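Look for chain A in each of the two complexes below; its partner is chain B in the first and chain C in the second.
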Partner chain A sequence: MEQGFRASMNWLHTWAGVVLGGLLFAIFWMGTLAVFDREIDRWMAPMIRLPAVEKPFSLESLRPLYETAAAAKSPFFSVGLPTDRDAAIRVLWRDQSGQMHRFIDPNTGAVLADPGTLAGTRFIFPFHYMLHIRAENIGYWLVGLAAMAMMALCVSGVIIHRKIFTDFFTFRPDRKPRRLVLDLHNVTGVLGWPFHFLITLSGLVIFWSTYFPSTWQLTYNGDRLAFFADAYGNVVPKGRSGEPGGMASFDAMAAEARRVWDGSALRYVFVRNPGDAKSIMQIGRLDEGIVSSTYDAAYFDGPSGALISYKSGTAPVMSVQRFLAGFHFIQFRHWSLRWIYFGLGLAGCVLIATGYLFWLESRRKKHAQLGLKGVRLVEGLAVGSVTGMLIATAAFFVVNRLLPLGAEAFGQDRAALEVWTFYLVWLATFAHAWVRPQRAWMEQCWTVAALACAAVLLNWITTGDHLLRSLSYRHLWPIAGMDILLLAGAAIAAVSALRLSRPSRVAQVRHA
Partner chain B sequence: MPDAMLLLGVFAAAYLGFAALAMSQDRHWHHVGGARHCPRRACVVLRCAGWALLIVALVLALMRDGAGFGSLLWATVITVGALSVVATLSWRAHWLRPAARLLQHLG
Partner chain C sequence: MQRTLQRAGARKAIPIIVRLVAAIGGGYAVSAGLAALAARVLPVTTAMPPREAIVLSSMLAFLVYLGLLIWGFAEPSLVRLCLILAVVGIVSWGGALGLVRLASGG
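Up next, the complex of A and B:
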């Protein structure tokens, strides 16, 4: 019984890993980068490399943009306020041509030039949770499937590990590749287990209303807004009246919101139905001092500016959900934890990559003898989803520094061209892996190293922010951090490529 | 500054705690220069010290950041500490040799 159970768990672990490993790596990699999404934004959009806000910013200076949104009959007008990580104000609305996105310098009130990039917060972060597949929520469901598989892998991995405590600290870098990758897989898997399990679980819990829709659909007769009103404390929005209506003072409403939360800072301002007599102004509280992401918000009647209601704190069940969500989102202010998340996220990437490598190393010989094609297929998949993903990401950064502002080609705007580059390069890495299976790992490692160095160099050339400069100004530290990580990544990729180009130790011993 | 010191303290306690737990295992005890088997008394001392240090790390983390961030910091830093111990054992095992030599006499 014991043997049978373990064998079946082994089967589950192997095949769930091989089939979904590529997807899992993409999600883990993008999630790890999303830890620094705002910093990536600053790197990719040089106009928002702004010093921290010095004087209080008057929301009233946004009124011209608000009027534009109201005239365009945008369903919303959204303002993201500056935080410790991001000095620029982000304004978003929708007109006939699509979503309008503007950055504003809070020190001068000036509207900054359109950076023409989706960067970290609008490409990397959404890729992490929905893969940019919008149709029928398929992206969310694929990520959910991968997350469920990751939970199953976490549990089955513990069951099939025969010597979990004996091997707890065991990594033998001098052994054969097969043993070495298994050691690395075991060590990152066992030691990183608490983080990997919790981050996966909390990721699933965030989207519970998507993954378990019947719970609220049955209770609320499918009325999503009513459900959200109860669960998250939102005010149910009224429809457009069609009558034009003014908007009371932004600053007065912001001051009132700060007052009800005892002077707490604000995260965002969101107007529903701008320019309508039934517009509602929602103001969000900045809660970067606690783990939970509370979603505290105050609601005002737009034309009169009267406070409708405000929320402070959550009901018990939701507070567990909000704690887990906050743990996952890390919108709190804690730089040590941010770096640790990044490191442990990378450990998760190593875990997934070494899982693939172990599968390949333990079958390579046997498949060659039996003339099976499986290893070649999976190797292509592994190369494309591991080093290929790294290359595509680096290419995304490089092309961002190469395209001039306002560039357009093939009827696509600049931001879309960057995204196309990402996907086409990613696709090309799979093709390369299947065409040149012998040398794919090594050549792709060299490509990662070259692209990462090119990105740092191009950042210097196009913005003048070289490392010495970015290290000496506090507001450029995110740029310095990204450059340093790119260089470190390039170094690791180059060392890996050199190791891979050396004839294997086993072969050397045989020749001696 | 005390924040940075406390953070260093959390990491150091986690690192040393796991180093002690690793050395209490025959494989690593032998690897860092001890005899084939870890002597019984040394093993007990190492295990107690290891667990105690992990608790010290928790206390320091809670002191630094309170219940919410503190528990999160502890849960993640101990992984970083354990991975650092693995790296030490793989490439710089001789760093732990003096401790092994000292404890060998205990047993």
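Up next, the complex of A and C:
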């Protein structure tokens, strides 16, 4: 441990960054992509590239699916209603074979073919907050640990910086690579500081009841449902009655929910215990006009359709929690803010990646002299967790366009094959970085560029939605946006690869 | 020679491991204890309903934990760090659990 406050903060900044940087990059990268999760869904599932809803949709037309869920004794039946970003209706329930997921075209009422992908909302978004490690909530705790480290990095980064104001305006791209890397780290760190700190804190606050269970467990005797019923106003049925029960008119209950909220639009419909005499219908309010994610919901007795209770507004402290959650979830309708979130998220990725590079460049020579293995090990980790993560993501998109619908291999369905591709490619990038340390950065940059271009090309070939076409239809703009970002990413990756392959540059990087 | 180097390495590593455990693990335990205590005390001392006190103290606990993490790595004396964390941890958890027992009439 170093002596002195600033020296100890320097130590904390360095080691928290080196040890948790890879995890942090994965979380920031997936979170940045999740800003456009619905748009990624449209790109990866071409059957939901639907025009906006024109005529009001009758929820009654979902009854056959509801009956299916009830017959399968599913614990729930969930319907996500169309929004500005997503025209398709999403229906979800569970049967013996697992989670059932269906998209419905609201204009025709037709059940669309299974896209066979977890895409943005079911792979990228959950990866961001729990890394798809469900056992014992380990995924949540790892993300929580990384988030606390991120806040500690934000604070210690400020303390060890002597010239915050100067760093604002300092960017020297023509100087030595180490200088460039540090300038980029400082610029993204200083400009993005308020966002990076708040987005991390708000992310933690969303899961406060997981991270600090001591508070509610003591008062509510460990009964999570009882506490949630009290704090969030949830109405939870006390188990199944076992008796079969009907379900009143979906449309009548939806109309009643709209009436109590003065004609507000609806976000979702959620039935607990479908087909049971004790079923409860929950209808959620759509609040696209405010930051807070209010979770206002109306509850109906399923068989009779009688309104049990409805919420609108929350107590003061809970309102703060809901505001922070809404600030993080970005479910409000504001396209320019959405792009700013995306840009600042990318700035966070650059911040983490350049932090790694600076650590490596400032130790390369010394470690080589002393014969230490540290630089080689950290470089392998950094390559795999930065460019490797980009390659795995691009491979996820490419394989999505290559696999035919209904594909199956090694006993895995199409969606699982995509996920396997992601993880195996990611693993391979670490192996590559270990085997070819000298050229790993450059070769992986070329791979990113090639895969991103391939994704755009494959999207054109398999769906016919090339850029000119997708730009000329409003409902295909998300496709155009994703294609343009892929091409821009490919260009940046190619330029980086070119700069890395210049012999003088390589020499400079090696001996800086 | 090799063994002396190893022993020197171990002597350097132990305080760092202790500090990591104290700052990360101890810091969490203390912030969770303080939050639990605050969630019990606030409804008694103010008009705040218990569910609101729970949410407030949980949200503030993240900032308390952040402060403890920073201090955990900045405090020069490892002994003082461990001692203070232990005392605050015992007092806060003891207080919170004691208040629960009082409330249930035990």
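To be clear about the criterion, the second predicted complex is superposed on the first by the 500 of 512 C-alpha atoms of A that agree within 3 Å, B and C clash if a C-alpha of one lies under 4 Å from a C-alpha of the other, contacts with A are read in each partner's own complex, and residues count from 1 in each chain.
Just so it is clear, contacts are C-beta pairs under 8 Å (C-beta built on N, C-alpha and C of every residue); 3 or more make two chains touch, one makes a residue touch a chain.
Everything numeric here is computed off the predicted structure, so don't read it as measured data.
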First, second, both or neither for A:His334, with chain B first and chain C second: first
Partner chain(s) touched by A:Met9 [first = chain B, second = chain C, both, neither]: second
First, second, both or neither for A:Val205, with chain B first and chain C second: second
Touching partner for A:Trp216 - first (chain B), second (chain C), both, neither: second
Partner chain in contact with A:Gln369 - chain B first, chain C second, else both or neither: neither
Sites on chain A touched by chain C in the complex: 1, 3, 5, 8-9, 11-12, 145, 148, 151-152, 155-156, 201, 204-205, 208-209, 211-212, 214-216, 218-219, 227, 230-231, 315-318, 320-321, 324
Contacting residues of chain B [partner chain A, same complex]: 7, 18, 21-22, 25, 27-28, 65, 68-69, 72-73, 75-77, 79-80, 82-83, 85-87, 89-91
Partner chain A, residues of chain C touching it in the complex: 15-16, 19, 24, 31-33, 35-36, 39-40, 48-59, 61-63, 65-66, 69-70, 73-74, 76, 96-97, 100
Footprint of chain B on chain A - complex, ascending: 165-166, 168-173, 187-188, 191-192, 194-195, 198, 290-292, 323, 327, 332, 334, 336-337, 340-341, 343-344, 347
